[in-house]
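Before we start, here is the structure in question, set down as structure tokens.
Chains: A, B, C and D, in written order; residue numbering restarts at 1 for each.
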Amino acid sequence: MVQDQNRPDEKGTFREWLYITVFQSSTVAGKIFDIGLSVLILSNIILLMLESVPSISAKYEPAFQKFDVFFLVIFSGEYLLRLYCVRSAKKYAASFYGVIDLMAILPSYMEFLYPQWHVFMIVRCFRLLRIFRIFRMVRFLDESRILMLALIRGFRKILVFLFFVLLLAIFLGSLMYVVEFQKNSGFNTIPQSIYWAIVTITTVGYGDVAPVTATGKVIASFIMILGYAIIAVPTGILSASVIQEEKRNQGRRCPQCQVAGHDKEAIYCKNCGSKLSEQ
Amino acid sequence: MVQDQNRPDEKGTFREWLYITVFQSSTVAGKIFDIGLSVLILSNIILLMLESVPSISAKYEPAFQKFDVFFLVIFSGEYLLRLYCVRSAKKYAASFYGVIDLMAILPSYMEFLYPQWHVFMIVRCFRLLRIFRIFRMVRFLDESRILMLALIRGFRKILVFLFFVLLLAIFLGSLMYVVEFQKNSGFNTIPQSIYWAIVTITTVGYGDVAPVTATGKVIASFIMILGYAIIAVPTGILSASVIQEEKRNQGRRCPQCQVAGHDKEAIYCKNCGSKLSEQ
Amino acid sequence: MVQDQNRPDEKGTFREWLYITVFQSSTVAGKIFDIGLSVLILSNIILLMLESVPSISAKYEPAFQKFDVFFLVIFSGEYLLRLYCVRSAKKYAASFYGVIDLMAILPSYMEFLYPQWHVFMIVRCFRLLRIFRIFRMVRFLDESRILMLALIRGFRKILVFLFFVLLLAIFLGSLMYVVEFQKNSGFNTIPQSIYWAIVTITTVGYGDVAPVTATGKVIASFIMILGYAIIAVPTGILSASVIQEEKRNQGRRCPQCQVAGHDKEAIYCKNCGSKLSEQ
Amino acid sequence: MVQDQNRPDEKGTFREWLYITVFQSSTVAGKIFDIGLSVLILSNIILLMLESVPSISAKYEPAFQKFDVFFLVIFSGEYLLRLYCVRSAKKYAASFYGVIDLMAILPSYMEFLYPQWHVFMIVRCFRLLRIFRIFRMVRFLDESRILMLALIRGFRKILVFLFFVLLLAIFLGSLMYVVEFQKNSGFNTIPQSIYWAIVTITTVGYGDVAPVTATGKVIASFIMILGYAIIAVPTGILSASVIQEEKRNQGRRCPQCQVAGHDKEAIYCKNCGSKLSEQ
């Protein structure tokens, strides 16, 4: 974990206690901090959503402004806290979460100069990722780990597959353009036709654009059945990946971090180093 | 099974016979009772549906009212019967089915005070779950058991996945809001944009809201291909779960309750306790 | 095969040769007969489709009538031929294909009495099933056999699953009816709302009916994500079934009928009886 | 590889060096050539797309014409180069890529005679397939190879499945025609109804055609749930295929062409013949 490398040297100090509280969720204080922060982020997101509804924002404008200031203070304070308690502030500021935390408060400050920046506050929804920290407590970590591994294993295959789909969409879209563009305003440009092809292959099917000519409908039917069949490809790939991960993951669970798949003779958890129970 | 713990002590009495008839389907009387009840519930649901069609309800209003009274009497009687024949009426009333059975008759009584409660009668469709009791007879139990186990095993993974999807929808919806809200009334609020994002990622694609700007269409295409690819994730997870369940489920079948997966040396069914046939 | 039981006793006669030609595709004459018949059925179907297009039928009305008579004569002749060359005409007439063959010619005769029966001629498309006879020749039999077995194995599980989906649709549809029916004409009856729920859970999403209230959209989003997740269930079931079938199907292929999965020590094909090659 | 058979005899000449550069990507020059060509093709496709947008093409008409000439010269030169450096020009011209390369430049020449041929320039998007050459460098070859094998293994099964789906669509479409054609202009012909059935079974659901009668909606619901269930079939098939391929693919990787799955005792790569590393 990147944080541990960034843990302050001096042991037993307030700064180290702060670090453990803010960046980890192993202690009670840490758990409380994480849950409290998640609640704040969630309520902030919900407020931003409601604010975007004209009827509501018109009614409670002043309240919303107060809340914006409140959350700005809270999140700025949290950011400074994090900068303070890590060993190297630079390293944290450059880390993934560091950038997200900064992006979350930046728009509020920019807003004083450019009001239209207000809308970008929604980038805060990225902070919801922190909620995964809590999953650790409710034993979800293992599941998401397997999922991640399966996704990573299947990733390149799925990328090749998506490239194929895109190529197919470009060609079939262009074909439909040639067939329909004189009779159907929905296919009046090639990019538009490709957009339609993607809508169709992925079986989304808005219906805002639909073929009108007989030839177009025949081609469309072919595209649909094609999309219906090839959706099986990524599924097959991921099924294989997940099954392999499952196999790899049979084994003892760590009582501390719930990670499984330790070797039979392992004594300590390979993930968090805590003692494993006998089986 | 919760019912068995709730079985009256005294053996061979009418009350115990009633209990077996009403709560179990092992005896002929029990089978008849279950089938009859299912038929009544089904016909009640169908009646409620027809009643909601203005043209029909206008024509047969009196008949519908008679039927409402009829079903109210029947289901109330059944509820009292259940309360009577269990050992502890409180325990049954607090059980899952007990609550459903009460909810099924409550609206009819509330209706006398507040007519608008009439519509809530539809909660009775929950009672259709009782039909699963009948599956026991037609050997469907085993299949639904494996299904359930597979779902339970895959449940947490799927929950993590759904959380990811929701997070994705929130972010992509907000993004589309920023891109489209000035040109497209369909994206005039963030919740509305998130609704659109969910409609798109899940490949439902109503088309009541669709992007109009070029940028919006590019992002939409990206979202669709994404949704098309990630639908593979829950599928992969469940395929793995089902395959594992299948493996676990190879073995002898109980001639009584059809449950399989007994240990090689088992002599009695671990589910219903009846003697297993040799292999 | 049901036909073989229906094969005439006397060997080497014209009637037996006719039987082999009409009902089997092992001989050259049989292959020619099957292919010719399939071509006729296909062209008949295409004609019926074109006839349903007003602009075309208006132009070529007389030609269509001639073709109707032509195909009536052909198919009637074929039906009589089949009745003649089987051992028991009754048994054939009662068989699956016998009924389809009769249904295919019946509407044309009824048409003389009731012209509106004309439209039912389309039941002939059922006869396309005969085309599967030809797959035998092009080595598709084995694939469709595995597919069938996988479907049969997964059938009951999928039935349970579909029952769940239906139950879900009934409940969620009723819920949406309660939420939307005052503001949205698309949800003015419960059956209509259930129809919408099915359209949504299956991710078809026509968009002819869509929620308008905020509550309705939240519930709809939930339904979509649900449908998105549970589509994984039948897929997982069938993946497991197909994989098991594949395993079962490893083994020698019959050089004659391409059926695989013979026991190691088998000498003759268990399907067509021809000699198996050594491995 | 077809190209190698087409490699010129004389070694070490400029012509052979040219061949290796143009047709292979093992040398640095070859890599540069492939990447450069891919960039040119991509930019050409993007230009053709933009050109199809009336507003843009009106503004930059002269620039587009200049680019058309530029790409015509480039691609014609490349085609002549390929014709020159292969051993037998005829063999290359008849090969898959040879035909595509010709098709890519033909429309530009035809345009001088028939301007309306301009639109067919889009066939150039086929040339994007050359980009797969580059995957070789970034180790994607192996993934696409497994994918291909899985697709080929599952191909015939999927074909049988698609034939079933088509048959189903024809029958259900005709059924809906019989039910709806008098009340609903969307079902006024059988082909149109079949088009609707395909749109529904594949869960695309444009909504441009939707049932209006009660019977029609019931049948439609049935079709949707059916399509929802049978989408599992191709997925199951492909999952099985991919899993088998994965199993087959465990083994050593070739350091040169990244192909895996060599026998334990293999010394040279079975694909490109280069020495394998020990394990």
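Here, contacts are C-beta pairs under 8 Å (C-beta built on N, C-alpha and C of every residue); 3 or more make two chains touch, one makes a residue touch a chain.
None of these values were measured; they are calculated from a predicted model.
The rotation that brings the Cα trace of subunit A onto that of subunit D spans 90°, given to the nearest 5. Between the chain pairs B-D and B-C, more C-beta pairs are in contact across B-C. At the interface between subunit A and subunit C, over half of the residue numbers appear on both sides, which makes the contact a same-residue one.
Separating the centre of subunit B from that of subunit C, both taken as means of CA atoms, is a distance of 31 Å. Taking each chain's centre as the mean of its C-alpha atoms, subunit B lies 43 Å from subunit D. Contact with two or more other chains is made by residues 161, 191, 194, 203-207, 231, 235-237, 239-240, 243 of subunit C. In the complex of the two chains, the subunit A residues touching subunit C come out as 203-207, 235, 239. Within the complex formed with subunit C, the residues of subunit D that make contact are 156-157, 159-161, 163, 167, 170-171, 174, 177-178, 188-191, 194, 200, 203-207, 210, 214, 217, 220-221, 224-225, 227-229, 231-233, 235-237, 239-240, 243-244.
Those residues of subunit D lying in contact with subunit A across their complex are 45, 48-50, 52-54, 119-120, 122, 125-126, 128-129, 135, 139-140, 143-144, 146-147, 150-151, 154, 158, 161-162, 165-166, 191-192, 194-195, 198-199, 201-208, 231, 234-235, 237-243, 246.
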